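Quick one: the structure is below, questions incoming.
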Amino acid sequence: MATNHDKPKPGEQPARQDASASAMALDLAPGSLSAENQAYFDTCLEKLGFVPNVLVAYAHDDAKLSAFSAFYNDLMLAPSGLSKLEREMIAVAVSSVNRCYYCLTAHGAAVRRLSDDPVLGELMAMNYRAADLSPRHRAMLDFAVKLTETPHTVGEPDRAALRAAGFGERDIWDVAAVAAFFNMSNRMASAVDMRPNAVYHRQAR
Amino acid sequence: MATNHDKPKPGEQPARQDASASAMALDLAPGSLSAENQAYFDTCLEKLGFVPNVLVAYAHDDAKLSAFSAFYNDLMLAPSGLSKLEREMIAVAVSSVNRCYYCLTAHGAAVRRLSDDPVLGELMAMNYRAADLSPRHRAMLDFAVKLTETPHTVGEPDRAALRAAGFGERDIWDVAAVAAFFNMSNRMASAVDMRPNAVYHRQAR
Amino acid sequence: MATNHDKPKPGEQPARQDASASAMALDLAPGSLSAENQAYFDTCLEKLGFVPNVLVAYAHDDAKLSAFSAFYNDLMLAPSGLSKLEREMIAVAVSSVNRCYYCLTAHGAAVRRLSDDPVLGELMAMNYRAADLSPRHRAMLDFAVKLTETPHTVGEPDRAALRAAGFGERDIWDVAAVAAFFNMSNRMASAVDMRPNAVYHRQAR
Amino acid sequence: MATNHDKPKPGEQPARQDASASAMALDLAPGSLSAENQAYFDTCLEKLGFVPNVLVAYAHDDAKLSAFSAFYNDLMLAPSGLSKLEREMIAVAVSSVNRCYYCLTAHGAAVRRLSDDPVLGELMAMNYRAADLSPRHRAMLDFAVKLTETPHTVGEPDRAALRAAGFGERDIWDVAAVAAFFNMSNRMASAVDMRPNAVYHRQAR
Amino acid sequence: MATNHDKPKPGEQPARQDASASAMALDLAPGSLSAENQAYFDTCLEKLGFVPNVLVAYAHDDAKLSAFSAFYNDLMLAPSGLSKLEREMIAVAVSSVNRCYYCLTAHGAAVRRLSDDPVLGELMAMNYRAADLSPRHRAMLDFAVKLTETPHTVGEPDRAALRAAGFGERDIWDVAAVAAFFNMSNRMASAVDMRPNAVYHRQAR
Amino acid sequence: MATNHDKPKPGEQPARQDASASAMALDLAPGSLSAENQAYFDTCLEKLGFVPNVLVAYAHDDAKLSAFSAFYNDLMLAPSGLSKLEREMIAVAVSSVNRCYYCLTAHGAAVRRLSDDPVLGELMAMNYRAADLSPRHRAMLDFAVKLTETPHTVGEPDRAALRAAGFGERDIWDVAAVAAFFNMSNRMASAVDMRPNAVYHRQAR
């Protein structure tokens, strides 16, 4: 017969989940930052109010931090035929396939912020197929997710589907580059258990 | 070279995602409700402020609505060795495997509410393995997710692992029953494209 | 060189497989039955000659038994645009994907009985794609199996394929509901190792 | 609302499934048989009452029929540390993974016949993990099924598990050889849609 | 900070990989060969300069060696609507799915030799979809790989695709037979860890 | 009956596979190179005799080429607790899971060159589990491949396995970083169909 109970048994009350103090599970002390990277961190603090933990994690090695942030900023912020929101939508849809807690949290917040539509962020994280999307966006995310799940089966018909949805050659490169990047970043985050800054959870709800 | 642009091209600005007026994609008119089911809907309106769309969807057939809600309420609300929060944690972890937009939204909100920890809800929806869980909860969710992904491989060692984590025979039934139920409910929701009530997204953030 | 041998070595002769005395692997004593459930069991004994072990398993909790049997009987026996045989065909095709010994045995027997074609029962259990099916039945089972294997990919084109095969809105609900239910029931049976009554194996051969 | 109905609509009554006149879907006329193969077919007719359709299918080319039957007969009938029943158990467990209608039917009958236990045949076809097996048989089938599902992951620990269950070097070869063979035979049957002789369904029930 | 180092630490310098002295991991002594099989080995030595290790492995049992080589030689060398190169292309594409080291090595060399194009051999082993193939060869390999990955889903549309690419009934048999055979052979090689003769690696580069 | 034939039918003779003139399938003209990138290309020509096509592909955008090569060179060439050979072994084992033709070709050549063992290169590309590896290398590649196949299941036990095999915190970062990077690079190459320079095929054979 079922036991009903008034107070939780041991292990029954979950711990608070936003209390993690360190940026990742590896025990790597922060290295000394170059002037350029220190300025970058200062800008983050000023503009965002915090330094994203992915950067804190890379900061154990100044050269790696520089290479990562240069690569990332070109990809997500440089001029492109894809809007910043579109790039973030790809980021989240890919991270959903890979079930990456860090990236779903940080980039889910970015989709909510850039679209001003909290539900769009949820849909990208949960199942983009359930969203009400333009043909352009459905084609873009179908390509990104196929590239994530079965890259060895991507071929000319997949590129043709993007062209048919209005993407140019350079745009195809950019769709692929964002999807490919988050396949790296999701794995880096999972490998070292990166913890997203708690503030992301509350942004743009 | 990349094209930068000031105003979005057609299809580039996503539609608002919380505007859906109907509870599902099937064109089935609501049937007439029995007094009991009408009272149930009235209670929902009074207590929650809305009738959950899963009930609206079942309401095309009063007998099915009765059978579903009786089954559901016994499962999730009756006395059990599992707390209500634990049952909701299983619901969300299973729905994450099946990527069910409706259930992740509605039951994700329930986890946030019952735990008073918004981040716990996110973790159940994104990847329960990234959460800081007691051995009891890790064993409970490992069982539920294995039962979801490869039910044909579940056997005595899996039940033994639950017993080792402190679950009794009846508790094992309940873990299995909740996990199994959401494997049904996730598929029902995906089959008819159930749309969660918009209010869930904002609850307990 | 190969060893030939006249008498089996230890472990070489399999045990009899129909000798299991209990309905499931959990040690849960039968609860006392309500008058209604007792009457239901009496009817089973009278009509079938036995009480199906799934009901015996649920009988550890009278309320759960009531909820389960009400839900099940509406689903499989109530009026529907799907014949009872069609609902059993879905049950077996889904149980084949999930490799559920209990449901393949009990519902395989039902397909043999209702169709008066033992081979049809085998085909549903082994691989429905090898059967000689009408377009209606192929569409129905393709939908049920896709919903079982990859529910997150089911969408409007899948519903459209059912409509093109002649199914109405309500019929689509029913196809989905039967497929979804057996995704629950298969998992419940696997989780607690339900053992089918031995008599099923010999029925309608 | 549900439509009930008294007579089946078009496509609702399944065709009889044991009526197929040809051995396979390829349109290949039987070749002329060598004296040896003619004698083999005569023996089949005399002992079994029919020629198994797999042999009828290969008979479009006398040389291929000879090579296949020599290979098969050595594998399944020659002296071995594995009993004939054990070899048939492997055959069916492998065919279950590959969902091969022909082999599940023909070799399922063989397990029923050789074990004198119809339920054992069903268990091998449905899910061998649900059977009550000796450690020897569980190890044997675990190896065969792993070799079927993920051959690239089989290594020394898997061979060690067979040795620990009492299998010698030659026995390991034979377990592997039977499992490997049915991975060929299942695919040949599926590729050309081989139809099992109807009599198998009724054997040893 | 990263440690640079001048000499490798233990385990850091890989062992030479072509030094394996035995043909497989099972400890099975070679049996005595029949005159026919001895002659076959002599021919191998004369023509190839070595006896392929797959034959050495089978030589623990003269009858099995005979059955295997008869089956193999009919399949790969007898007259067929498929050229020998085409049969080897199928062998390698299938072995790539199954990641079989022995068969990729031995039959990769055969593709290089028969095509006089080393790159074609690499492409078959790595990903045939990246090769520049005629419609005939793409259809042939798509069929072989689908039969390898999901044999239970192969049906009339797949045979129709081969016919549309110009294959006759007998050719379809042969495509299926080669693909099916390597699904056996790959698993046999993985099960007993067959080691390819080192010479294959250098052939036709 | 089989058709034998003396001359190949249309589509039966494969095209030469190393003749591709362009670096990828996207029609993107090379941009003008910065002095730094021009110097990098000149160094490639001088040292390697060619510019790797991955760099040619990125050269449509000078900023992207800079970001990519800085990131890549830090990862693969900077001081690390992993030798350059070890990093290339990870690159190839990951590319094997993703079946990336470009990376298997270019980095397979690097493993052959750095190890002076052509067979090691083949084994990394075909199935690293078949190689004779030190515990250090087996642990390293098991981690890299699990991170590739199921990143969401990587956790503390996987990091502990690397530590037990002698890897320090920084080394774990580097194993993860190389594995993660090639999950990006494989997908970029597949998305745009990058073609490896033909010379790789012949290197260090």
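Chains here go by letter, A, B, C, D, E and F, matching the order in which they are written, and residues are numbered from 1 within each.
Here, a contact is a pair of C-beta atoms (placed from the backbone, for glycine too) under 8 Å apart; a residue touches a chain by one contact, two chains touch by 3 or more.
Model, not experiment: these values are computed from the prediction.
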{"item": "Common touching chains of subunit F and subunit B", "value": "A, D"}
{"item": "Identified repeat of the C-D interface (over half of residue pairs identical), from D-F, A-B or B-F", "value": "A-B"}
{"item": "Shared interface numbering between subunit F and subunit E [over half = same, under half = different]", "value": "same"}
{"item": "Farthest chain (mean CA position) relative to subunit C", "value": "F"}
{"item": "Distance from the mean Cα position of subunit C to that of subunit A, given in whole angstrom", "value": "42"}
{"item": "Whole-Å gap between the CA centroids of subunit A and subunit F", "value": "24"}
{"item": "CA centroid of subunit B to CA centroid of subunit E, Å", "value": "48"}
{"item": "Shared interface positions of subunit F, touching two or more other chains", "value": "1-2, 78, 99-100, 127, 152, 155, 170, 193"}
{"item": "Pairwise chain contacts under the document criterion", "value": "A-B, A-C, A-E, A-F, B-C, B-D, B-F, C-D, C-E, D-E, D-F, E-F"}
{"item": "In the complex, subunit D residues that touch subunit B", "value": "1-2, 127, 129"}
{"item": "Contacting residues of subunit D [partner subunit E, same complex]", "value": "25-28, 60, 63-64, 66-68, 70-71, 74-75, 78, 98-100, 143, 147-148, 151-152, 154-156, 159, 169-170, 172-173, 175-177, 179-181, 183-188, 190-193"}
{"item": "Sites on subunit D touched by subunit F in the complex", "value": "31, 61, 152-153, 155"}
{"item": "Residues on subunit C engaged by subunit D in the complex (per definition of touch)", "value": "1-5, 8-12, 14-18, 20, 78-81, 83, 85-86, 89, 96, 99-101, 104-105, 115, 117-120, 122-123, 125-127, 130-137, 165-166, 168, 170, 174, 193, 198, 201-202, 205"}
